[in-house]
C-alpha cells in the first residue's frame, strides 16, 4: 500500500464511527421518511397502503398546511428581525466602554444558554393572566383596563412567542457580531479619523461593511434554526390558540402523534426538508466564500 | 474640570445608566424567576403580587428536591447529556481530525454532510427514529435517548471540533510525524492536547444542547422515572392539578444551575466556541 | 492548561459514574415486570396504586407492577410508541372511551368480557356498558372503571353569588347575569376553559348538547352546524366576557386552580375541587357549593361523562395476568381505597360500591353530601361522543374527532378568530366530515 | 548521511500540477538549497522528501532505496519548520526529548543528550519553560536542537529563518553553516531568499512553477544563470533587462541607440539582454540617460536612470556625486552581457558573452 492510500485509509478509519452513525441514524431515517411519506400509514399499527404522492397533493390543498406554512414564515421573519435588531444593538453597546462591562456581557449572553423549558416557565409565569407580573404592571400603570391576553389571543400569541424567542436567541447574534467587531483593526478607524470622518460615517463606512459577511452568515443560520424551532412554540402555546402559532414542525408532530397519521406527517417533514435544503445551499455557498476569503 | 469634559462625563454616565436599564430589562425574567422561587406562595398568588419578597423561604426548593420526582429527572438528564456528549465528542474528535487532515475520496462531500446533519430539523427524523429506537427495544429507555440525542450532538460536535482542529498549525503534526510519532500517537499526544480548550468548549456546548433537548424525550420516554428534565418538569409541575408557580420557578433555577457552572467554566471560550462552529467557520 | 485537564478528567469520571448508575435499569427490564398505565397522576393516587400492586405482587410471586402516568393527550402517542417497540403496557386505566373504541376498530384491544362477568354485569351502570360494546364483534373491548363528569358540575362561591346559589344558575340567562354581577378586578365571574385539550372539547360538546344539538345526527350525518351549536357559541361568547383572559389556553389544572385560589365566582369541574380546597385554600372550604351546569332554552339534560376505562392491549404479553391485575383494581377494598384518594372526583361505576357504607364513610363525602349528590345525578346523565343518544350507532371516529380538537377549535374560531358563529359551525362541520371520510 | 535522488517526481492535485517531472540528485553530505518564489513547489518537494506528502508519480530514493511508502518516522530525517513547530503543550525539555522518547531511548541517556544539545545551542536556562514563553530566535534554536538531537541522516529545512528579524537571521544562518560543517550531514534547505541560498549552499536548485530551472554551485548560478528567470531571481539589486534583437554585428536594444557586439550574432533573433548593475558604468559616448533616483547605502550608490522607455540601475561606489536630473551616458563592461531567448527565456550560448 502506498503512503497516500495508507493516509487515506487512516482518514477513513477516523471518520468511520461518525459515518456509520450518520448512515444508520441520519441517512437511513431520511430515506425512511421519504418512503413513509408515500404511504397512508397509521402511527398505531405502522401498516398502510402505498398511495404515491397523494399525501403531498392532499397537503398542498389543505388549509392547515398553508396556515402552518404562513405561520412559519411570520415566525421566522419576526424572530429574525427582532433578534437581529437586539443582537446588533447589544453587540455595539457591549463593544464600547461600559461600567462593569464583563458582568453586562455575561448577563446579556445568558438567556442563550438557558434551557428552553426554563424560558417557557419564566415567561408563562410573566404572561400569566391571573398572577402574571406583566399584566399587573400594565394594569397598575393604567396602560390597560383588564388583563392583556398575552398567549390566548391572536395575534398576541404569535407576538408573545416571537418576543420570548428573540429574548432567548438574540445573544447568538450578539456573540457573533461582537467577535467580528473585536476583529476590526483599530488602524482602520484611526485612518478614517485622520481622513476627517465623523463617528457616524466611521460607523457606516467601516463598521457596517466589516460586519456584512458575519451578518450574512448569522441571518442564514438563524433562519434555518428558527425555521425548524419546535420546543419553544410547542411548550409555550402548543400551536394555539386556534392554529395561530402552529408552524410546520408542530404540524408534523400533530399529524404523527395526536392525529396518528404517520404518512402525512412524514410528507410535511419532507417538504420542510426541501425548504431546508435551499437554505442549506445558500449557507454552504456563503460559508465557502467566507472560508476562501479567510484562507487567502 | 472643564465644561466640555464635565459634559462628556455626564453624557457617559447617562449613557451607562440607559444601557444598564436595557440590560436590566433583558435580565428581568431571570431576576423574577429567582425572586419567585424564594417567595412564600401567599405572596405569589395574592393580589397585588409583591415584587421583593417580604420574607425569604427555601421551602419550594425543599419541596422540589425531596417531595417530587425532580431529583430522578435531574439524574436522568445528567446521564443522557453526559453520555451523548461523551459519544459525540469522542467520535467528533476522530471525525474532525480525519476530515481536516487527511485527503481521501469524498472528503468534501463528507464535510457537506456533516454541515447538513448539523442543520437538519429534528422533526424530519422523528418518525423513522421513533420506529428504529422502538424496534431495537430501547423505547422508553435512557439509552434510546442517548442514541437519538447523538443525532444532533455528533454533527454539532464534529462541526465545532472541525474548526478547532483546522485552527491548529499542521506543521506541529508534521514535526511529530518526523520525530517518530505514529498516527495514533500524533492524535493523542499532539492534536488532542493542543485542541483541549476547544474540545472542552465543544463538550460544554454539546452538553448544554443535549441537556436542553425536549422533543425526543417527549416522544420516546414514557415513564416518569426515566424522563429527562425538559418534558419531565412540565409534567411534574403542571399536571398534578395544582399549578405551583413558586415550585416551577425553583425548578427553573435548579435546572439552570449546571449550565451556570459550565458557563463559568468556559466563559473565556464562549464566543470562540459558538463563533467557530457556525459563523467564523 | 492544568485546570483544563482536570476539568476534562472530572467530566469523564462523571460520565462513567452516570453510566454505571443507569445500567441496572436496562438490565432489570428483562425480569417479569408488568407495566400499568393511567391518566390519574396525583401523588396520593400513585401511592394507592403502588399499595394495591404491592398486594398483587405478594399474591403473585415474581411479578412486579410499575405505574406510569400520562395526560390523556399523551396516551395514544405513547401507546403507539410502545406498540412499535413491542413493549405495550399490560393494563391501561382511565382511557377515554372514545379512544377505546378507536383502538378497538384497529384490532388493538383484547376483549374484557371475562372481567365484566366475574364482577357481575348487572353491577355496572348500564350507560357505561352500552357505550363500550362492540356491536359487530359482540364483545366489550374495555370497561369503565369510573363514572364521573368533569364538566357536569358547576362550582360556585356562596359568599359571592349569594346563598340562593342554585337559582342563580338555572338557565343560561341567569348564569350570564350572575357571572356579570360577580365579576370584578381580581375575581372573575366564571371560568369557561376552551384550550385545545380534552376539557375544552368536553365542555363545548356538553354545551352543544345542553343547547339541544348534536355533533353527528343519529343517521350518521354531521349535525355540528345546527342552530343549536350557533346558539351555544353565542352563549359562550357572552360568558367569556367574565372569564379570565387566558381561558383560550385553559384546561383542567388552570380551571380548578383558578377557582380554588379564589379567582373566580364559578367554574365547572369535578369533585377534585373539594380535595384541592382543603389543601390549598381551606378558608374557602365552607363557601363553595355546586349546581349542575345550566341548560339552554331548547336543551337536552345530558352531560359529558367521564367513563374512564380499563383496557388490555392485544399485544400485552400475558392476558390472563393483565385480567388478574384488572380484577385486583375492582376488588371492593382496593376500589374504594382508590376512589377515596380523590373523594367524589372519581365516582364508582359499580352500583354495589356506590351504595356501600364503606364508600360513603369518607369525611369529605359525608361533609359535602349535598354536593356529591349533585355530581352523582349529573354522572347518571352522562353520555359520550361515542353515542350521543341511545338512538345513535357507535361512532368509532369519536376518538379521531376529539384527538384533532376540531370542535374546540371551532369555538376558538368564534372567540379569537372573529368568525361568525354560523361560519365557525359550518367550518367545523366541514372538518368533521373530512375526518369521517379519511 | 545519505544521498537523496528525486527521480521524475510529479505532484498534482487533480489538474493542478505543483511539481512537474523533477529530477534532482542530492549528494551525501551536501547542502542543497531549493530556491524559488512562493508557489514554485519547493516546499512540496521538501515535504515529499520528508514523507509528509507523497508524489503522484516518480520515486524518492535514499541511497538508492525507494522511500515513497516509508513513513516519515522511519526515514531517519529531521526537519526544521518556518513556524518552528514546537509542541506548545510541552516544555523545551519535553520538546527536545520527544523524538528520543518515540525511539525508546532510555531516560538517562535522554537527559544526557538533552544537556549536550542544550549546551551546544546555549538553551540550557530555557529547558523548563514552555515553548510559548520563548522568543522567535529561542524557539528556532529549540527547533534546531530537536532536529539535531537524534543525529538523523538528513536535515530538512523549510524556510527556517524567514520569521526572524534581519540580525537574528544572519546569526542563525551562520549557525546552520557551522552545523553543516560540524555534522557533515546531508541537508536540504528551502528558501525564497537568494542571499541565504548563495551563502549557505554547496549547490542551489532554482525552481519556478514546479520545474527545475538550474542546478549548480552558487557561483555558477550567479555567473551563468540558465534562464532569464534565474538571472532575475538571483542577485541584488536585480539584473537589468533590455528587450532587443540580434543583428549582424551584435545586440541592438529596441528603441535605444545601443548596439553591443556579441560573439554568436545571428540574424533577426529576438532576445532579452541582461546586465547586472555593477556591470554598467559611466562612459563618455555611451547610452544617454537621465538620473531618476539615487540611493546611497554608505558603501555603494545605486543610481536608477531612465533611457528612453527603459529603466537601468547602476551600482557605483560611494564617491559618486550624481544627483537626480543629471544627464549621463552609460556603457557596459565588456563581456558582461547575458543573452536570453525572448520567447523561451533560455540562455543563449554556452560561454560568457564576448563583444
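Letters are used for the chains, namely A, B, C and D, taken in the order the chains are written, and counting of residues starts over at 1 for each.
Here is the rule we go by: contacts are C-beta pairs under 8 Å (C-beta built on N, C-alpha and C of every residue); 3 or more make two chains touch, one makes a residue touch a chain.
These numbers were taken from a predicted model, which means no experiment stands behind them.
Enquirer: Roughly how many whole angstrom separate the Cα centroids of subunit B and subunit C?
Expert: Between these chains, centre-to-centre, one finds 37 Å.
Enquirer: Approximately how many whole Å separate the CA-defined centres of subunit C and subunit D?
Expert: 88
Enquirer: At what distance in angstrom does the C-alpha mean of subunit D lie from that of subunit B?
Expert: 53
Enquirer: Can you work out the whole-Å distance between the CA centroids of subunit A and subunit D?
Expert: Subunit A and subunit D have C-alpha centres separated by 54 Å.
Enquirer: Where does subunit A touch two or more other chains at once, residue-wise?
Expert: In subunit A, residues 4, 7, 46, 128, 257 touch at least two other chains, as defined above.
Enquirer: Indicate the residues of subunit D shared as contacts by at least two other chains.
Expert: In subunit D, 51, 71, 89 touch at least two other chains.
Enquirer: Hunt down the residues of subunit C that sit against at least two other chains at once, touch-wise.
Expert: Where subunit C meets two or more other chains at a single residue, that happens at 1, 77, 84, 261.
Enquirer: Which word fits the touch map of the chains here: line, ring, star, complete or other?
Expert: Contact pattern: none of line, ring, star or complete.
Enquirer: According to the definition of touch, which chains form touching pairs?
Expert: A-B, A-C, A-D, B-C, B-D
Enquirer: Within their complex, state which residues of subunit D touch subunit B.
Expert: Residues 47, 50-52, 71-73, 75, 77-79, 81-83, 85-89, 98-99, 102-103, 146.
Enquirer: Can you tell me which positions in subunit B touch subunit A when the two form their complex?
Expert: 12, 16, 19-20, 22-23, 26-27, 29-30, 32-33, 36, 44-45, 47-49, 51, 90-92, 94-95, 97-99, 101-105, 107, 110, 112-117, 119-132, 147-148, 150-151, 154-155, 158, 183, 187, 208, 211-212, 214-215, 219, 229-231, 233-234, 237, 245, 248-249, 251-252, 255-256, 259, 263, 267, 270-272, 274-275, 278-281
Enquirer: Can you check the complex and tell me which residues of subunit B touch subunit D?
Expert: 169, 171-172, 174-182, 185, 190, 193-194, 196
Enquirer: Would you pull the subunit C residues touching subunit B in the complex into a rising list?
Expert: Subunit C residues touching subunit B: 1, 4-5, 7-8, 11-12, 14-15, 18-19, 21-22, 25-26, 29, 41-43, 66, 68-71, 77-78, 81-82, 84-87, 186, 252-254, 256-257, 261, 272, 276, 280.
Enquirer: So in the complex, which bits of subunit A are touching subunit B?
Expert: Touch residues, subunit A against subunit B: 4, 7-15, 17-19, 21-22, 25-26, 28-30, 32-33, 36, 46, 90, 93, 97-99, 104, 106-111, 113-123, 125-126, 128, 131, 133, 136, 140, 167, 172, 175-176, 178-179, 214, 217-218, 221, 224-225, 227-228, 230-231, 234-235, 249, 252-253, 256-257, 262, 265-266, 269-270, 272-273, 276, 279-280, 283-284, 287, 290-291, 294.
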